[in-house]
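Order of writing sets the chain letters: A, B, C and D. Residues in each chain are counted from 1.
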Amino acid sequence: MKNSFGCAVTLTIFGESHGPAVGAVLDGLAPGLLVDEGYIAAQMDKRRARGDGLSTGRTEPDAVRFLSGVLRAPGQPLRTTGSPLALVIENANTRPADYDKLKNIPRPGHADYAAGAKYLGFQDARGGGHFSGRVTAALVAAGALCQNVLARKGVRIGTHLARCAGIPDAPFAEEQAALAAQLDALNNEQRFAVLDAEAGEAMQAAVRAAAAEGDSVGGVLETAVLGLPAGVGEPFFDSVESVLAHLLFGIPAVKGVEFGAGFGMAELQGSAANDPFHLEGGQVCTLTNHNGGINGGVSNGMPLILRSAVKPTPSIYKPQQTVDLAAGEDTELRLTGRHDPCILHRARVVQDSAVAFGLLDLLTQRFGTLWQREGENP
Amino acid sequence: MKNSFGCAVTLTIFGESHGPAVGAVLDGLAPGLLVDEGYIAAQMDKRRARGDGLSTGRTEPDAVRFLSGVLRAPGQPLRTTGSPLALVIENANTRPADYDKLKNIPRPGHADYAAGAKYLGFQDARGGGHFSGRVTAALVAAGALCQNVLARKGVRIGTHLARCAGIPDAPFAEEQAALAAQLDALNNEQRFAVLDAEAGEAMQAAVRAAAAEGDSVGGVLETAVLGLPAGVGEPFFDSVESVLAHLLFGIPAVKGVEFGAGFGMAELQGSAANDPFHLEGGQVCTLTNHNGGINGGVSNGMPLILRSAVKPTPSIYKPQQTVDLAAGEDTELRLTGRHDPCILHRARVVQDSAVAFGLLDLLTQRFGTLWQREGENP
Amino acid sequence: MKNSFGCAVTLTIFGESHGPAVGAVLDGLAPGLLVDEGYIAAQMDKRRARGDGLSTGRTEPDAVRFLSGVLRAPGQPLRTTGSPLALVIENANTRPADYDKLKNIPRPGHADYAAGAKYLGFQDARGGGHFSGRVTAALVAAGALCQNVLARKGVRIGTHLARCAGIPDAPFAEEQAALAAQLDALNNEQRFAVLDAEAGEAMQAAVRAAAAEGDSVGGVLETAVLGLPAGVGEPFFDSVESVLAHLLFGIPAVKGVEFGAGFGMAELQGSAANDPFHLEGGQVCTLTNHNGGINGGVSNGMPLILRSAVKPTPSIYKPQQTVDLAAGEDTELRLTGRHDPCILHRARVVQDSAVAFGLLDLLTQRFGTLWQREGENP
Amino acid sequence: MKNSFGCAVTLTIFGESHGPAVGAVLDGLAPGLLVDEGYIAAQMDKRRARGDGLSTGRTEPDAVRFLSGVLRAPGQPLRTTGSPLALVIENANTRPADYDKLKNIPRPGHADYAAGAKYLGFQDARGGGHFSGRVTAALVAAGALCQNVLARKGVRIGTHLARCAGIPDAPFAEEQAALAAQLDALNNEQRFAVLDAEAGEAMQAAVRAAAAEGDSVGGVLETAVLGLPAGVGEPFFDSVESVLAHLLFGIPAVKGVEFGAGFGMAELQGSAANDPFHLEGGQVCTLTNHNGGINGGVSNGMPLILRSAVKPTPSIYKPQQTVDLAAGEDTELRLTGRHDPCILHRARVVQDSAVAFGLLDLLTQRFGTLWQREGENP
């Protein structure tokens, strides 16, 4: 399905970095869901670049325009109608001329060369075209809506920069009330989502230092989900891990995804890795959560924990070796234009959105479309 | 789609550990493809348990029976017909009674509790039922067929135990001819697929040591693919990473997937992480391969490199804390029965199979069904 | 997806007429559903040929074997587990030699020539292979299960031979209680499902007369569904009409599908075709049902009415003109072997099954998987 | 997938009659395809209402705006890039106030009541909302593009009003050169696509007569496709008939679909219905074409022939009986506003588009995405 994903709820995305607009079609929403434009705008804002030394100088208003699927009845808030919701975000601040000279000179670490092989040279190569992180603006708008629906059903999602430029943040709390407070704080944070403010300062200093050298940094984004009921997901092809990893690897720059202890699991023995069950107030819980809330691909009621590895932004100002495809010779590339020295703090909103969409789809498969409505059981 | 996956080529799997059979339906194969029953049997054999201290005492003949989609014309080898290929592997060596007492006592690290929540207690809980690694026998049979098709089109796949019980194997060669030789050797290896025989001995000793204590070990499986042309895969939802991770996370026990330098990418700066392009005999190559042969979700012609984190087998003989759901109280569990102290050496064939299926689907999307036939271009 | 269909509930079919078996995988069933083996056997029996002059001499035991997805707990009836349900029906009475001489001589009206073009000559051509009506045995087994689930949720389905060999049956009753009685009678009928016994006698005489001449007859199958709630289906691509027509046109020999007044609608003016609404005991009904219970692709609560046009069986004994592909010349064909002079009375069970599967999928999309369980609301 | 359809090429549609815009996302196009804006505009024009007594007074400029997936390189024509092509058609001439009083009074023959049941009253009910024929404007734009691609590959499509208000048009020519000329003439016809101009005059007079009485008429649209190679389509679920019927029943007002002789097949005996094969210049042809170019769901190289039954427009000015849902009582409805007395002449372009999209998907499944490019073989 290429640019569509999902079964009970589907998301189709489109757009190029320097074309007229990016957008998405979200299908499978129940009718009558509140559309909180303020929350969507807030999420767009968290993703937005600011030209502040931590992100690119290309700032976009990122106003979300709904083309279908929503209706404001007289005296009522905006609600979904139940038909496909199309949204569009116009590209305002484009400078396609920045990319003219790059046409035959693929940027290392970027999709340029692979895209040329795939699209036989016909792709919109300006700013990465459809490969650009710009397309994630549409994903964030759609995901914000999904996140709202989940929040009203008691499912809370938050993401922090677990590592940035080699600097670790504090870990998520193991205790659920403390974790809930952390997730709320992350959602209220506008700019640089960390659990430990000092670590955040050190990360930002490291980003600025890399930027000063014309370089870029990567890191790890960690997401926790609270309130996901046990029994969601499928064994094998629609495991919670499969569905979420599919979406997360769709985000440009993600090169690894792990759940719970992830690659750390590989180093443990079974006696340490297995999460012992016990009863806590009549509720089955696990004493540890190395499996990240998922057993056999299905949620077990514990917090869902996942991490993605985000590579350093490939756009750097240092000279790089590459090839001139027209001349048929090696060459050196010095990028100009506007680029992010780090995308982690912007990408965490994209990760929230991808997780929200994936879980809404799985929950809707299990409980039906109408379950999405507030007050519907189970 | 739950237990089906793929777009141009689709795979549907079914079966339970202690039911009558496991099986698969593979749809979208071109007509006239050779079905190499010897190779399929060899792959089944590599996955098979042997009761040799490294794997469970449950040994199965694992004979693959085709129910449809193949035909042996008079005097001809077995070939696909182009209609859906259904294959079944009967379960011969079942001991469901081993699981009677576990009905209300979920095993830590296993799907039992999550499955109970999902299936409301109606699941076939014997040996994990549909969650069992037993189901991967069907995946291996189908994947062996896909691997054959790819091999005839010049795409070579191999997997080794990159880490086991904390012990590292030698890395894949960077040079492509050397890598090709390694992949061939891995495919010829029947039992314990490593690049460094001494590391393999140490791993096996560690597995036996853990088994002797009633414990189990995990590790990392690393796969390389040679011969994948540039331009395969899609940006966003059908990126090579998304499709392969979806399949790999469907394999029981996989908790992490990474491509190229993976989580290591998060620690690098862009100037180190970007893979510089250069021309080598008129061909565009990269000097390093931190991106694992994929840029922007699309293959770039370099070797595809991926790793999965495989958790230690959750079935251990050491006593474990869990709950008795019927009694509503905490309890201690001591497993009996037949279990693997390590599944890495068996799972590597499953990983080969999952990768082969995923790539065959992506290649077929691009070039059409008939391209699968030997001699068809491009 | 080729040989799979459905979104929330999916059906994958496989098999060839003279191969080892035909079968199906039904995925997306709720756990704990009763599997009524008696009803499944009864449906298989209604579809079975009897060699009685009305159907082919190839009679098959058609025993349905479940490979997965069902479990009989001690002292309990057979129930679904919630994992994919695979079922297999072995082909017992095959005579592939009947087809040897036909390899290069495509039978008029059959798929032989088109199949050769598609499968490049590698198809299993014996008895039509995967194109054979034999494959519908698997559809009937799966559909019987779906029909059971629907019946327990108050949705009743029945099909009659509305026309056969040009002879019309009595029409469905307009009054719902009378229609319900008709549907029950059709479901109890083992052989020749008509509403007017005299019309049935005349039809059977016409079939025998055609058979005596070595010819075959076609007709129209009409299905009614009672108890389908209003609001099921989607506008555009997943309209009730789209989903059911997709399935019905998958049945070999169906060349037309219409809903409500169907092609008759084309001859009416709007003032006659529109179904006026009125209130009946507080319930919104329509005074006529030209739209067959569907407006805008969505059910409106009135009985769903559809018809399919079934062409005469292409296998006839009269000499026919065709080509010898090997010799490259026109030739005359005289079929031998065992063939049905009429398939309507067998195909009506297939139509019931296709409709049941399609509606179960649409209902499950709306209400969720767990809704399938008896007693679950809405 | 609700509002998306297709496998190798997918189409997602969105929009409401009186919302901001309707649109579509077409994914799976090869890169570098010419986008003939003139042809797209011409197709939009054929579908456009003119307020001329034959169609509604709501005339729309129907300008197609591409948001993504196309690029005009310097000095080059507009071409596809290979990434998802999103297009939007703004709604300019909306009069939502026309529908205020209808909120609780479902119009007979329309989706209003079913939509209310489905969307719980939250749907955009103005002008039928997402159920409106207005949404087909997006389908026509996307389909025009598909039709262009097919035409360059030698596949020619055309549709005429085979019946309108009970008046028959001349039939398609059986001889292929004559049929080709008919298809070209239909494609050049701007307004009322018939093969017999006199029949067309009579039809138009009948439409005007019905309109004068405040009534509406229906009819039958017949499509022929020339140049479709043998071997396209799948047995069972992706038969050519299944895929095209799925799409055609998605068009509002279609209540029946048939292929070849269709329902007429039901009245024939096998000896008359089977299409005898013969060789014509070395090419296998059939002497008759009762099967409409499809055997066993797969194209056989003969012209593909299909017909849809289009019901009379439900919007009529005559008084109609219906219910007032708010008052809970029967009532009489007298529609005002702007409505089509006949939609056949507009809908024929929609039918062309649906058929073009469906066939492009099936051909791409078989031959791959790159086959779509002119000059690519086979």
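Heads up, the rule we're going with is that a contact is a pair of C-beta atoms (placed from the backbone, for glycine too) under 8 Å apart; a residue touches a chain by one contact, two chains touch by 3 or more.
Just so we're clear, the structure is a prediction, and the values are computed from it rather than from any experiment.
Distance between Cα centroids is largest for the pairing of subunit B with D. In this structure, the chain pairs C-D and A-C differ in their number of contacting C-beta pairs, and the larger number is found at C-D.
Centre-to-centre separation of subunit A and subunit D, using mean CA positions: 38 Å. For the pair subunit A and subunit C, the distance between mean C-alpha positions equals 45 Å. Between the CA-based centres of subunit C and subunit D the separation comes to 27 Å, rounded to the whole angstrom. Counting only residues that touch two or more partner chains, subunit A has 1-4, 7, 13, 83, 118-119, 130, 235. Against subunit D, in their complex, subunit B makes its touches with residues 7-8, 83, 235, 364-371. Residues of subunit A that touch subunit D in their complex: 1-4, 10, 12-16, 19-23, 25, 27-28, 31-32, 65-69, 71, 79-86, 88, 118-124, 129-130.
By the touch rule above, subunit C contacts subunit D in their complex via residues 1-5, 7, 13, 106, 108-115, 117-119, 128, 130-131, 135, 163, 166, 210, 215-220, 229-239, 241-243, 245-247, 249-250, 252, 254-271, 273-279, 282, 284, 286-287, 290-292, 294-301, 309-316, 318, 320-323, 325, 328-330.
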